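One chain, subunit A, appears in both complexes that follow, with subunit B as partner in the first and subunit C in the second.
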Partner chain A sequence: MKKNCDVLVILFWFSFAFLAMPGNGQETVGIFEQPMLITSAGQNAEVQIAAVLARRAGLNYTLSKQATGAELENVKTLVLVLGASLKGLGAAGLDMDKERDRVRALITAAQETHVPLLCLHLGGESRRGQQTDDLIAEVLPLAKMVMVVKSGNGDGFFTRLCQPKNIPLVEVEKMADAQVPLQKAFK
Partner chain B sequence: MSRHLKHRAAGLACLALCAASLLTPSCQQPKEIIPTPPVDRHSPHDYVSRRAMVVAAHPLAVEVGLEMLRRGGNAVDGAIATAAALNAAEPFASGIGGGGFMIIHLAREKRTTVINFREKAPQLASPRMFKDKGEEEKEWRTSSGLAVAVPGALAGWDLALRKYGTRTLAEALAGAIAIAEQGFAVSSTFSSINKDEYERLVKNVPEGSTYLNEGLPYEPGDRFRNPDLARTLRLIAAGGVKEFYRGEIGRKLVAAVRAKGGIMTAEDLASYSAVELEPLQGTYKDVTILTAPPPASGGLHLIQFLNMIERWPVRTWGQNSVPYVHHLSESLRFIFADRERYLGDPEYVSVPVHWLISKDHAAAVASRIRGNRPLESYPFGEYKHEEKDAANTTHLCVIDRDGNIVALTQSINDFFGTGIAPEGTGFLLNDHMDDFAADAESINAPGPGRRPVSSMGPLILFKSGKPILALGSPGGTRIFSSLAQIVLNVFEFGMSLDAAIEAPRFFSFSSGGKPGPIAVEVRFPEEVLTTLRAMGQEVEVREAYDKYFGGAQGIMVLRDKKIILGGADSRRDGVGAGL
Partner chain C sequence: MNRIKASELSAALFLILTGILCFISGRSFQTMHRPEPVFPSAGLTATHRLSDYFPPLKNTHGDTEVYIFRGTEEGGNLLVLGGTHPNEPAGLVSSVLLIENIRGKRGNVFIVPRANASGFTHSDPQEGNPQRFAVPTPSGPRLFRLGSRLTNPVDQWPDPAIYINPARQKLSGNEVRNLNRCYPGRADGFLTEKMAFGIMELIRRERIDIGIDLHESAPEYPVINAIVFHENSSELAALALLELQAEGFDIRLEASPVNLHGLSHREWGDHAGIKAILLETPNASHGRLKGKPSSSLIVDGKDKFYAKASRLGWLFVPYGEEGIPLALRVARHLAALKALLGGLAELEPEKAVEVEGMPPPAEVQKKGLGAFLHPPQKSG
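Let's turn to the complex of A and B:
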């Protein structure tokens, strides 16, 4: 019985390693430093999920749904959770233009202070759409690493954006599976 | 895109098959009634039957309702079984922690009646109860114990069964219990709503709650089970609704509400009753509309809306043409002004219903609308429209072999309600106190025992005295606009029922006398949107099949062809099936 369990554990870790591995052998371990600032690009609900995953991974983070450049002080990594939500934008009193401006300003501030960018897309296929895709296309090429729930990259959209820039892309089956690669991505 | 849709259609097919597996050996389904979803779930697909039909927002609930009809239950039995099953299969939209309205047509008696099981404010409610909470007002209104109104669903279901059904409440709850116990694979609709409401849920439920999957939202294909709800429904099945309103379940409910800062008491629960009402009646050309009266507002506003539209050559303009969208949007803005000024609980305030739905009032409003540009202001009221994205709520329709019909809309308000689930009960509590006005001077301000104005509007339409269409939808303040567009698609533009439901929708409103944008699904032709913008209309483009516009379900009776058509909205997981 115990032997069977051991085999299962090994298979689990093997399958995790396989699924979470970027296609071209790029480095995805220990490339970011803590603390990190987690914010949303598009006021999606997944930003809250990213914070839960970071907490479970024991990472040092601050969650700010509408973060500005001023909040980057003492921050070593900026985590952008991608996905436009009309519901979230409405609740925040924002429209997509204002949100895009905020994200642009935040990324500019991060670049000026040499804070690297980690992009997460956790919403899968249902968190795609024209507005989300436009935002992703603008932001993703600036990332140092990208992590996506696989169904969101079913059409290869993230792959096409990451490959030309040689940006490591980690695919996970489900949101919960992002916890371990997220943990490993940090020193 | 097509791959995505095919996956979703395949998911629906799997759910339909799950429905079959839920049934006990004594009630296995005949092959003829397995719903056959279209390959592309958004492709118009009328469910066709000759004798009876159920349409609802989840295939498992449809199967439960149909099984009730198959065993000889009437439309009321089928509707209540379906409504209860939705608590198990679509728990984020409605359930015993909420309330609603149903309209019942009794074929033999040629009579139509309404049951109002809308929630009531607790006796300690007061007009300033939210205003005094200050900056966090909105949160108090939607996520705290103060947001919970006294639930009415069980009282309404019980009243309907006792007066017009042929089966017991225990029999009507059996299908829901089976779904809650055995569970099902969640759809992408369930998953995306669970993600959207995650923040509200983590605020009010423990990480181990049924409504989260190990503390995170469910993803498509994950299995959702709710054994606590099954136990709760078994208790109610054995002991009747008093188990909920006066028993252990009620005690847990009150404790949960008060633990989150609420004011509900055991007396509030014990004194709740559903009421039977005369339906509200209006006309559109040769069609008679029967619907739920205030405090339901959806039907009333639909009649107002159609009264104005009746004056315009909409068939000549064409569906979703520039003049059509412009004129209807302008009408909606006037209706929202009326809503703020005149709508409240008629048990406590005077609502000028007959004037609002009069043709004269419609003529006066329609005459103010300019054909070439929007007005600067909409002066009938100062409606403080709080734009909420929630599509919430759920609607079902049932017709039985004898021609009895039920159209039932029920809700816990926002998706997942307050997110508060009384300990060990498995059901979610509503946040319908949020449907009261924030303004303490409003006709719809909270008060002891009052029912908040609802946007629900279950309808039955008649031609020559015979029912032709039963219809309803979730969608908050978009409900009556969406229903009117479906009615026009059928009666003016000659669409089949499901084509009418799936067609692109739009919506507008006014706020403080100023126009809100025209929200449209992205499927509208770009030239229409460009022309509307050139006319001075602000246009907000939304997803192709956006839940914001509701999730309508309908049944159409084509007497000349001796068939029944069912239409179910792909904006959610709507399906239909017949006998």
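Let's turn to the complex of A and C:
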């Protein structure tokens, strides 16, 4: 019985390691430090999911849906949850141009203070579209690691952006599955 | 040109025939004032009326039942609203399923199955909708009314050209009869505003912690298969979404717009400070692309035109030939309710609400609604 349990434990860790390791063997474990600042790029509702995943993973985080560079003080990792939501932008009193300016300024501030960028796309296929794709194309090459819900990368869009820059790309089946790789990505 | 030959006799016959048709259809229409029976479970601890919380509603068609299930342990207070829009049947049927099955364990549950009782007494003009739909049970069909989105104009008329609601939102005139545009209500306003005010009074007096408003929407409407949440409930909604996805229900989050006022998910949070959630499921009988309206369309949810629209990519939900039956839509509401209660227990354990006997969503899908509804023959 114990032998069976040991085999199961080994299988579990092996499958986890397989899950957390992108196809090209890039490192995705322990590459970020806490605390992190979670914000949205596009005012999507998935930013709240990211915060819940971080809380459940026991990570030290702050959620700020319209974060600015000033909030990066004492922050060791910037987490951008990608995806444009017209409803979210409207509710926040923003348009896409203003949101893009905010995200650009935030990333510039992060680069100046050497805060690495982790990008998440959790909304899957339904959170794609021209506005989202334009934003992703601009932001993603600056990321240290990218995590996406698989259906959002059905056309290989994220793969095409990550591969030339050798950026680790982790795919998960559904949002809840992002918790473990997110946890392991942090020291 | 041929002239139609007429006589006083044929004119009289047609007049009499018209009178008979008017009488029969009028009598049939009047039956919509007869509420469908509800058979509460043994767990019911009290039945109130909305007029107990706001007496001016007494003896009006805006008054409605409030079913109360008190738990034996301390906890939070949950309000479930069905029938805010009586043409969205999953709200009513989900509420009835809860009333006929649950027992309170921790905290208290308040269920209003027909929030806009007046809206159940008529149907939408020119839609050709059936007055009732039949849910099959092992003992025969249970009939439920399919009402209108709006309060009956017999109870509230005329509509203004432009409606400025109690939250100062400017809306089109007929929204004055839409309960979900009238929050937080007016004590001295139109009947629908009084209903909204009564529900706010219930929330205040029973110290409700979380309110869930059950709705349906057309498959071509973007806010569908969704949890719409007030910003004070964002973490709760996120927790519920993760739970629902784990159970295989595809669902999305939609933040309540801060500048769109009068809706439950906005005003319950703003004016009463409760966690405010609205749930949407896809209902073909509610949409503009549907074929012939019928009881079967409502219950089985099969529609070849929606299936075609889905293939053409016109919809916001996948809609196959198998349709989206009422049992699935009710199961989604129940699963979301269960997930929200799980999330509430995780975030604020002192406000947790637990019930026993809630029909498991997977079983509702598998066995059908009839397996969890009281037999119809004991009605009346």
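In this section, the second predicted complex is superposed on the first by the 167 of 187 C-alpha atoms of A that agree within 3 Å, B and C clash if a C-alpha of one lies under 4 Å from a C-alpha of the other, contacts with A are read in each partner's own complex, and residues count from 1 in each chain.
In the analysis below, a residue touches a chain if its C-beta (ideal position, glycine included) is under 8 Å from a C-beta of that chain, and two chains touch if they have at least 3 such contacts.
Being a predicted model, the structure only gives us computed values, none of them experimental.
For the composite obtained by overlaying on subunit A, subunit B and subunit C cannot both be accommodated without a clash.
Once the two complexes are overlaid on the shared chain, A:K98 sits clear of subunit B and of subunit C alike. Shared-chain residue A:K187: touches no atom of subunit B or subunit C.
After overlaying the two complexes on the shared chain, residue contacts for A:G154 are found with subunit B alone; subunit C is out of touch.
Once chain A of one complex is fitted onto chain A of the other, the partner contacts of A:A176 extend to both subunit B and subunit C. Of the two partner chains placed around the shared chain by superposition, neither subunit B nor subunit C is touched by A:K165. For subunit A, the partner with contacts to more residues, out of subunit B and subunit C, is B. Contact with both subunit B and subunit C is seen for A:E46 once the two complexes are overlaid on the shared chain.
Two complexes overlaid on chain A leave one subunit B stretch from 310-318, 328-336, 436-444 or 508-516 clashing with subunit C, and it is 436-444.
Residue overlap on subunit A between its contacts with subunit B in one complex and with subunit C in the other: 45-46, 48-49, 52, 87-88, 90-91, 123, 126, 174-176. Across the complex, subunit A is touched by residues 3-4, 188, 191-192, 195-199, 202, 214-217, 219-220, 387-390, 522, 542-543, 548 of subunit B. In the complex of the two chains, the subunit C residues touching subunit A come out as 234-235, 237-239, 241-242, 245-246, 252-259. Contact residues on subunit A toward subunit C in their complex (touch as defined above): 45-46, 48-49, 51-53, 87-88, 90-91, 93, 123, 126, 174-176.
Chain contact summary for the complex, subunit A toward subunit B: residues 45-46, 48-49, 52, 85-88, 90-91, 123-127, 129-130, 151, 154, 174-176.
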